[in-house]
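Heads up, there are several structures right after this.
The two complexes that follow have chain A in common; it is paired with chain B in the first and with chain C in the second.
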Partner chain A sequence: MTISAQTFASVLVFALVVHVVLLTCAYLIYVERKMAAYIQDRIGPNRVGFDFGLPILGFLKGCLGLGQSLADGLKFLLKEDYAPDRADKRLFTLAPVAIIIPALIGFAIIPWGGTATIPSFSILGLVHVTGGEVVLAGLNANIGIVYLLSVASLGVYGVTIAGYASNNKYSFIGGMRATAQMVSYEIPLGLSLLAILLVYGTLMPEEIIAHQRQHGWMVFAQPIAAVLFFIAILAEANRAPFDVAEAEQELVGGYHTEYSSMRFALFFLAEYAHMITSSAMFALLFLGGWEPLPFVSVFGGGAVHLGGGVAEVLLAVAVVGLKLAVLFGKAVTLVAFMMLIRWTIPRLRYDQIMMGAWQSVIPLALTVVVVTAAMVQWGRTDTLSLILANGAVFALMMVVMPLMPKYDPNRKIPLYGSRFNPMPGERVVTGPTVALAREDHPVRGSL
Partner chain B sequence: MPFSLKPAEQYEVDADPVKYLAGHVDTGDRWVLNFGPQHPATHTTLRLVLELDGERIARCTPHIGYLHSGFEKLGEHLDYNQYVTIVSRMNYLSPISNDIAWHGAVEALFGIDITPRCKVLRTIMAELGRIQDHLLNIGAAALDLGAFTGFLYGFNPREKIYDLCDYVSGQRFHPDWTRVGGLMKDLPDEETFKRMVKSFVHDDMPQAVKDIETLLVRNRIFIDRTRGVGTLSRDDAIAWSISGPLARASGVKRDLRKDAPYLCYADNWDGQGAEAVKFQVPVCDDGDVLARFLVRCEEVKQSAKIIDQLIDNIPGGPVDTFADGKMVKPRKEDVYGSIEGLIQHFEIIMSNRGWTPPVAEMYAAQETANGELGYYIVSDGSPRAWRASVRPPSFINYQVMAKLIEGHQLADIVAVLGSLNVVAAELDR
Partner chain C sequence: MSTLGEVNLSSYLPLMVVVLMAATFAAINIVGTLLIGPKRPGKTKGLTYESGMNPVGTARKRFNVRFYLIAMVFLVFDVEIVFLYPWAATYPNLAMSDPDRVIWFWRILFFLFTTVVAYVYGYRKGVFRFD
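Now for the complex of A and B:
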């Protein structure tokens, strides 16, 4: 059997990255808990080591609480896998799968290690790998970034299905909120992406990094798009302050209220995997990918050669590893920033989030796209011109914003049947709600 | 029977379900959501039956009674000292205030004037109780909106108040510290007490309030979530007899510490012309959740000011009123050292003896953290109250819940509920 070098590299990289990411997710939970603890003047997890309660492993006790994630994972595996009565069992099982798969395959497009050339070789004489230049990513497709958009929009299905299948009103509200929110924030996500792709003129991640190596990071050239993209990925990942879908204080657990055991763990992992994917994507699109410094090229543009002597191969692997570490480091830093936001500011309300999307983020993103398109047409795509264009957009926003009609988001809306806030002219009757409360327990046949 | 009730027929109750349904417009897309009694945001066991139109609340029906514990009935079986352990468990956010308010009412019934030292100590502890409650509440304002950090900033210094309660009474959560005509015991060591109070009032508490304010007061999301939410007008606040920070946030200038002064809030509290403690009562006109938050923040600072004025001037002398009054349980050394002390001890402890209060009715209220906490005691001359009724601020304030929330959204429930600071144990008694 003969396979191409790219297939070989893709399988290898993807297998490696998925495992690294899953492990990172587990430890990101630990990091988040520690971080929250330090923000809140606490200590955080510091007890669980790797001794598993065995005296012989006593020297592994403690370990700064690093065993916590492992213990949590074990706990999830061993818990009762419970599904509520009258839940739609098939959809209920499908939902966590539908949410974890998009979260994991989103990684495929990210070029973790740049490009490399691989010589022809064979594995045990069975599989022949033809040599050539490869991109060290899970997927080297010419649609590039569009793949990210398509995969990201799949994530909403898991949430919707979970909310629908649980037969729980809180879950349903959570699912509805998440659906509306994620669909709305895909638009600014796509628009801010468009604003920078116009400048890049390509969808290929490698070429995007090459462009940034020449012209400086895109975050300097398109700061507004960067901010909008970051807001959009926060909303897409259902992170604070956009976590209305699982708002504990309102909806108990939101769409995953009824989930327990490993199914719940999949929701949990998906959230963190989603955060890493989107952060890595942000690092790739705005922060120069695996190049560590803004205006200086450290690794250069060429492909590393994974061949020759042992020393050369080791050196090449080290370079690839460094690139991976830089990109991963940037992603994790962004994730840490997301956590900082979560533990600092309160949650927005659902309608405020939607209003934010349709009344501020999307118009602004559209303006940026139009201005950028004009700049591209004009042939001025260098960093300085784009910064000036961004400044103009910002100034325009500052001028237009006070002219917008004022809108009180917290106004009361009169409703039929309300006792204290009735429709104008409605006769208000104060009485018991017994008749209505009966609706709460509909008499149905057993399913 | 010392009082009579109006017969039920004379109240106009529109409780006919058929009539109700006739007046109800079925829009066809309404949901009934059962919010509580088991819900993370309902602060113990409150239940709201909500009729939702999308995310809007068309109708909100609070169902109470899930934590009914018969506290008032217990007041008819326990004597005036024993019942303090029960009142302390009503509002467990500031238990010491309940103790002080209960014995304030009992002493008003008995006609006892407590000693200046006792007054000062009770005032200090009552203000600490207020701080204890408000610190939790301004923190919970953040928690209910999803910012967990502010909650813990408020919760940390509360531990210092528990330490103080532990120090003065031996019990950190429910001190049960007051007694008829005095206190359970004098301070173990006055200097240590002063040091602990000062370190709390000058270091821990201001830092916590500053942290929470820095986190929230200028935060756009917090403002957007709270301004204009759950607005209660001044007229409504008076009509629904709302008291405490809620009423003051709605512009009602009422604070029992100023309007019906007691303890050290009254002039000439030590009988030698001492001035009342100086403090300001924060009032806000907006009446929304934000206003309640700000009023509570300011009240904490004013409480600290009151404590500051008193802590260096704790008068000497006994904490209990004169022993001849047969009102106060004597000190242990008197019980074991003198025949009079022993007799008085037995007189109070024995179930067929005890106090001989006047046959009278007495309502006395104090301004606690949540509002006017009053006790209505009906005495038949026995050492137990014939009726020990409570005017719990939570119960009265909770009436407006439906009024505040109808027309708002589901997410606003937690903000409004938190700002009402309803304690279910006090609400259901």
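Now for the complex of A and C:
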């Protein structure tokens, strides 16, 4: 059997990265709990070590609570997997699968280690790998970045199915909210992506990094698109301040209210995997990918040669590992920033989120796309010109914003049957409606 | 230069492996917890959770039409964006002197303008008001 070098490298890289990401997800939960604890002046998890109750391993007790993630995972596995009687059992089981698959395949397109050339070799004489230049990513297809958008759209299905299958009002409302929010913020995601792809002129991740190596990071050239993209990925991952789908005070757990044990853990894992994927995507598109410094090329553009003597191979693997570490470090830093946002900014109200998407973020993103297209048509796509164009868009926004119709966010909204603010012309009886109570306290008006 | 011209389906082979790996991961987790975890069903336990109250009715109810409107408007915008991606990948690579460049710039601007008309229509109809 003969397989191409790219197929071999892709499967190998994905098999490696999926484990790294899953492990990171487990420890990100620990990091988030620690961060929340320090922000709220607590200590956070600090008890569970790796001693497993054995006296011989007593020196591993404590360990800053690093055993917490392992304990959590085991506990999830040992809990009862329960589905409510009235839930749609098949869809109920399908939903976590539908949500974890897009979360796990999302980062396939990210070129973790740049390009490399590998020589021809065969594994045990059975599988023959033809040598050649490969991109060290889980998938090197010519759709490139469009893959990100398609996978991001798939994530909506799991949420919708979970909300519907539970047959629970909390889940249903949470699922509806999350679906509407995710599809709404997919548009600014796509539009801000379009604005930078117009500058890159390509969909291939490796060429995007090469462009940034030459012209500086895109976050300097397109700051508005970067901010909009970041807002959109926060909303896509259902992270605070956009986590109304699981607003505890209103909806208990949102679409995963009825879930327990490993199925619940899959929802949690999907959220964190989604955060890592979108952060890595942000690092790739705006922060220069695996290049550690802006405006300076550290690793150069050429492909690493994975062949020759043992020392050369080790050196090449070290370079690839460094590139992976830089890209992953950027992604994890962005995830930490998302966590900081979660524990700093209060949750937005649902109507504010939706109006924010449709009345401010989308028009602004459209404007950025049109202005960028004009700059490309004019032939001015260097960083300085694009910064000036962004400044012009910002100034335009500042001029137009006071002219927009104002809404008072805390105004009273008329409701049918409301005692405090009824619909115009509606007469609402105030007072007890139970017959027995009415006899004690006669009410003016009629029922 | 981008390799958008050629279609190489074998480059999608790893994607199949990747999806299979993700699906296997999910399946192993769910089956594992089904096998290991306890099973103690009960009548009260099987009730729908409504903060401890007895459940009232089902959740299979009619919901606000606004979600439907949002889905419709989303379709308009999303399809538009999908059409714009091939343009974004090819148009900046045209030579400055190419006459197609100006033509495609104005065509896409007109295309965006039709979406803006749809947006303004929706705005005037109150689709984007959430109160």
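Criterion: the second predicted complex is superposed on the first by the 428 of 447 C-alpha atoms of A that agree within 3 Å, B and C clash if a C-alpha of one lies under 4 Å from a C-alpha of the other, contacts with A are read in each partner's own complex, and residues count from 1 in each chain.
Simple rule for what comes next: a residue touches a chain if its C-beta (ideal position, glycine included) is under 8 Å from a C-beta of that chain, and two chains touch if they have at least 3 such contacts.
The structure presented is a predicted model; accordingly, all values stated were derived computationally and were not measured.
*Asks:* Kindly classify A:G53 by the partners it touches after superposition: chain B alone (first), chain C alone (second), both, or neither?
*Replies:* neither
*Asks:* Should A:N140 be classified as contacting the first partner (chain B), the second (chain C), both, or neither?
*Replies:* second
*Asks:* Go through the superposed model and pick first if A:P402 touches only chain B, second if only chain C, both, or neither.
*Replies:* A:P402 sits against neither chain B nor chain C.
*Asks:* Name the contact category of A:D41: first (chain B only), second (chain C only), both, or neither.
*Replies:* first
*Asks:* Between chain B (first) and chain C (second), which does A:I413 come into contact with in this model arrangement: first, second, both, or neither?
*Replies:* both
*Asks:* In the superposed arrangement, which partner chain does A:R263 touch: chain B (first), chain C (second), both, or neither?
*Replies:* In the superposition, A:R263 touches chain C alone.
*Asks:* Of chain B and chain C, which one touches more residues of chain A?
*Replies:* Larger number of chain A residues touched: C.
*Asks:* In the overlaid three-chain picture, which partner chain does A:D351 touch, first (chain B) or second (chain C), both, or neither?
*Replies:* both
*Asks:* Return first, second, both or neither, reflecting whether A:G309 touches chain B, chain C, both chains, or no partner chain.
*Replies:* neither
*Asks:* Looking at A:K169 after the superposition, I want to know if it touches chain B, chain C, both of them or none. Which is it: first, second, both, neither?
*Replies:* Touch partners of A:K169: chain B and chain C.
*Asks:* Do chain B and chain C land on any of the same chain A residues, and which?
*Replies:* Chain A residues touching both partners: 169-170, 252, 350-351, 413.
*Asks:* In their complex, what parts of chain B are in touch with chain A?
*Replies:* Against chain A, chain B makes touches at 14-17, 19-21, 23-25, 27, 30-34, 39-41, 49, 51, 53, 55-56, 58-59, 61, 142-149, 152-153, 156, 215-216, 219, 221-222, 224-225, 227-229, 288, 402-403, 406-414.
*Asks:* Residues of chain C touching chain A in their complex?
*Replies:* 2-4, 6-8, 10-15, 17-19, 21-23, 25-27, 29-30, 32-34, 36-41, 45-51, 58-61, 63, 67, 70-71, 73-74, 77-78, 81, 84-85, 88-93, 96, 101-102, 105, 108-109, 112, 115-116, 119, 123, 127-131
*Asks:* In the complex formed with chain B, which residues of chain A make contact?
*Replies:* It is residues 36, 39-42, 169-170, 173, 240-241, 243-244, 247-250, 252, 343-352, 408-421, 426-427, 429-437, 439-440 of chain A that touch chain B.
*Asks:* Could you list, by residue number, the parts of chain A that touch chain C in their complex?
*Replies:* By the definition above, chain A touches chain C via 4, 6-7, 10-11, 14-15, 18, 22, 76-82, 84-86, 93, 96-97, 100-101, 104-105, 108, 138-142, 146, 149, 153, 166-172, 176, 179-180, 183-184, 186-187, 190-191, 194, 197-204, 207, 252, 257-258, 261-263, 265-266, 350-351, 354-355, 358-359, 362-363, 366, 369-370, 373-374, 376-377, 379, 381, 407, 413.
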